[in-house]
């Protein structure tokens, strides 16, 4: 069953080459639902690590959680894209422009799945680089100067970062090959973890550092984050949602793998690197958020902040690990809602500047409301589920060091203030003229999907299905975090 | 044979330094091609030394991708956008060369510090690999033309290959092939973007 | 102190209440007369204010077009508020009519209620001057309220009693018993004297005799009042004056009757003390010019500091 | 959306609110169960009723009920925005559930739901200033929540229990400090009050009534719960700090209230004042309980509880009243009102009683709370601790000053708004108040009077609450028909007879009125107000609202940030100017001097960060990657063995 998770995107990738984009959108719906079901099937009730496809791939609880997140968000995105394409075409974008949309998107999802499920670190690397390349042309989708420049930056920076990641893998391979010889086993994650204790710690730490800075670029950790706001703001909104919601987590998974290896070889202080980078990311994003002029960039910074928080959570350990893993899931959903609703705004107004948008609630009341709700949700305010995850991260942080936790909280408040002030300034005044007609030009899916994401986000605060909870708890146990 | 391998590896470093010392892009691409050839030859030496069959294939791949296809694409793109040389340097040529030298020194220090176990090709290869890596990074940081940045990136990549093929006696072939393929795709895409950016403006001034 | 009631106490309380109400215009008139005498004028009859009151009652009322129900009820409310405060004072007989109400805080806040309605009245006719007076009235009230509270609380702490009647009961008993420290009541008296001047619209704070709109305070408030309402206001101001004078007289040398037999002596002493204070006030009023409005806080802050000192002394004295 | 649908939504919301108010008013009595759960996953929502929460639930549901009834007709103002009426029950219910909740997660969820729904209500009018107010409000309340969350997390780490049951008497000074700071932000205590004067005017009046009269109490509930239930009673100085900040808040609040001309802004500042008074009570009582002065403790606690209730009742009626004014006159500016007492007879009397109640005029309820506070402060001067002696003296001074200024401020509010001549055409054409509005204002006003005159059952109920929290028996006794409290060590009582006071005043009033009626000339003539002999009618010649506070403002000029400007006619002919314009702006000094600079600094820092990270230069971005790498290498070199 799990093999289908890789096979279906590959298949639809091929189909997309030969079908028209409108028909393809139906195929994509089916494919996404299928992938989602396959993921549910293989993920739920997962007892122990499952190795498949000749040992190159495996499924443990940690990547199962991320896989679930990816497939869930992908499902929503598929529906959204369905409406998005129709809306854009209706608004006068040529069909030709969308010709390769599904091709790249499926390639993107496929390489993401590959790197999530990869047991072999080399394959993980290939998958990650694949996501960069697949999204490169999606980032330049608008074919404006800004879009190309953003793409350039994106590809260049991520490639350099991932080259560092490759270096990390090389160095790791160097140490492990002393145990396993020149075989594929020496790159296999599960095998490396088994013999962690016997590895040369200096090299493991070196590779961990290289992986952290390398894949950290892709995660968007400061100060390697510069590509992130540009790419997120230029990509079509469904892709931004995927980029922000799951791609960053996929890269983070790579760092976590190296972290697991480092821990298994007995390096206890690796987590301080997590804490340092996480904290720096939160600080940089919190400070930068106030001078943003483009709302999609704004949300990109918010993604950064959340990735920083997640990294911080993994670093502090304990209950915070549970928080971080929950945050991965919740952030994906919530950020999805935000990017999708900002996609609605963009589709209608074709305006990215916050200052130019003054009357959002007048033009498109529902979208504006969803945008506001999503923004509030992303900052960890109940009744949105991110409250729970942030609370756990906070508990972890406070048991780590109360003063430090308080400093982190201060920056989170800054993020909150920045986001809210920017969004509210777009939100609109009642006195302004009302033009409801603009929202009705959207395909209904464009309204329903973000709304559904918000609803799911709220619902998850009050009810997390037991199999999912069990899965998450096992993932936490895999990372060595205690559960309250 | 080890001596010969060391010669090739030193030539890799030299070509990287030369690259730092030249503002001409065409020359830079040619240098890269030469550098890749050296890498390939070095890989061949390692293959002969350790008699690993995978490395022979790796040698072939490197020749194919790095020496032929990637430079070819770059030349092609260069022809279409018509840039000859780097104009606006963040760091002057003499300074760059001096900097490249000091980076080599630095990497030697790090290598002496880190590598304590005996490695097949000694700490020299590690030094060279690290130095090439850092020079590539320096190229990327100081050069403003998109081509120079690509060349810098490719230099970094060569450095990693050098490291990968020397003291590990070759990565698993699957990985190596995937990496090369990704590299090719990256260069393709970057070339494409260069052409598009050229249409609007030459320099990367990303500010939205 | 036993504050349970019986008919005798009640009757005597009512008697005392009526006497001090009746005496109120007399003291006001006395001050006026003395003042005029100091100036070398012949002066009015000491009972002139009774005649004034009677005359005002006989006159008809002219009410402003803009006046609402506030103009009609507030004179009565102000009168009854001051009356009830006066009724709490054990002027010469210990079981005053409202002795049970004579909690220190209640007194101050009840007086505040009077000011509240006075200022409402001032705003009711839409006159340009009414509000002027109201504003200044609050201005002084605000400055004197802390001092007033401090004075009462100092008395309370000094005697460790919560109610005015018990406080003066204590002071009187201990004054005769020899435990009486003269310092604190004396300091309080100074403060209370200044407050009395300010609260009762006396020179140097206010000069009710002139009718210059820009300087007047109390008179501005009741500028629109006429007929019986003006009479009520006038009478209320006499009662307020009486309240302060009575307080002063009680602080400095309480002689309060406990039995009906002592009443004549106590009453005599009461009138004498009151007359003495009237004399002092008239001296002060004759010797001083009216202050500029924004210099008044200086004087009142002195009163505040004096009462604060008294309070600290009384606490440390415990 | 058709107007029928809108009306349907509106009425649905209102009736749900009324139902919720009524239900929870009787809920503690209908369901005497102590604890109950809602099973959600993975954390159940747990609730518990105890005496403290009963008190607050009753207040909240009472106020909600009044205001919801008020909304039936007042809501027509907002028929274009029916979502207000859907948010209102959510707001009310979340407040009630905050008070009921018995574990961290439930508490925080409902706490933030309360903030969220009120935030949406604040911005619901959709004016630019309401957006600004909403932003400020939500950011401030978020800061508060951060403090509270930090406190809860520390509590959890200390006790490893999520439920409040495990927190009895364990909170140390850090936790107490954090949580009280957090709650104080929501309550609008002195240094954190800036959101309040912006939020209340921007909100629909019925909502500001709930916010000011109920929501603020929820924060106070948090303080009481944390201090008296969770708190270790070994930090008496914390009580002193609260006392001082309470006094400052009261003074600062009322000083600013005095100079406002916007009715709702003025009421908002008055809320700050009253919160200060409540905090004084809480602080003093905490000090007293932690130094085992049970008598003073119970007195001060009684003062705080009473003041909470009194403030809620009078403030809700005042805010509803301001709603009526806004609806009928279309202005919140006092300078545009005036003369309404003749137009809105019954309503103006109700408003007067509410105003008297909040300015603590005996024998109304407002005075009762202050009386207890004074008595307990006087008691505190009798203790042997030097600090509390001096601070209670200062507090007495500030409290009395506050009382006086409150009188001035509310006399101004009532006088300028309702009395005199109409100050604008709007006020002349004011509409009539509706019956339902009058009834809904009448209810809290009636309670004000009733509590003021006959407080005995309430006192014994509150005594129960205080007993429940302190565990020690206070010295409150209300035997018969007077309140007597032991203030001094050697056995002496302060006492207050509200019934006697009111009957005395009314009796004297009656007797006086009859006597004067008998002995006086009762002829009455109406005539114009004297205008210095000028015949023309000039309503602008009346005394103005800003003039009413001028003297006090001048004396305390350091407490205000004032900016006045005189503009002349553009055609400058020096000696023949046609017009001059005088404009004056009085702002909150704390906002101008502290909050605004902080905001500017943050934006400035952000600008710097922006210029570093977002130069758009590819080279710089790559440099950062390598710098990070080099930094890691350096650390690595230290770590390598």
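Per-chain residue numbering starts at 1, and chain names A, B, C and D are given in the order in which the chains are listed.
We adopt the following convention: a residue touches a chain if its C-beta (ideal position, glycine included) is under 8 Å from a C-beta of that chain, and two chains touch if they have at least 3 such contacts.
The structure presented is a predicted model; accordingly, all values stated were derived computationally and were not measured.
Contact count check for A-D and A-B (C-beta pairs in contact): higher for A-D. Centre-to-centre separation of chain A and chain C, using mean CA positions: 78 Å. Averaging Cα coordinates per chain places chain A and chain D 43 Å apart. Inter-chain spacing, taken between the CA centroids of chain A and chain B, is 31 Å. If each chain is reduced to the centroid of its CA atoms, chain B and chain C end up 99 Å from each other. Residues of chain B in contact with two or more other chains: 114, 137, 140, 149, 204-206, 208.
Counting partner chains per residue, chain D shows two or more touched chains at residues 614, 618, 622, 633, 640. Along chain C, no residue makes contact with two or more other chains. By the definition of touch given earlier, these chain pairs are in contact: A-B, A-D, B-D, C-D. By the touch criterion given at the top, residues 120, 122-123, 125-126, 129-130, 132-133, 136-137, 140, 143, 145-146, 148-153, 155-156, 159-160, 163, 166-167, 169-171, 173-174, 177, 182-184, 186-187, 200, 202, 206, 230, 233, 294, 297, 352 of chain A touch chain B in their complex.
Every residue of chain D that touches chain B in the complex is listed here, in rising order: 614-619, 622-623, 626, 633, 637, 640. Considering their complex, residues 90, 110, 113-114, 137, 140-144, 149, 204-208 of chain B touch chain D. Partner chain A is touched in their complex by these residues of chain B: 52, 54, 114, 116-117, 133, 137, 140, 146, 149, 153, 156-157, 160, 163-164, 167-172, 174-175, 178-179, 182, 185-186, 189-190, 193-194, 196-197, 200-201, 204-206, 208.
Across the complex, chain D is touched by residues 152-153, 156-157, 160-161, 164, 201-202, 205-206, 209-210, 212-213, 216-217, 223-227, 229, 269, 273, 284, 287-291, 361, 376, 379, 381-383, 387-388, 391, 394-395, 398-399, 402, 405-406, 409-410, 412-414, 416-418, 420-421, 424-425, 427-431, 461-466, 469, 484 of chain A.
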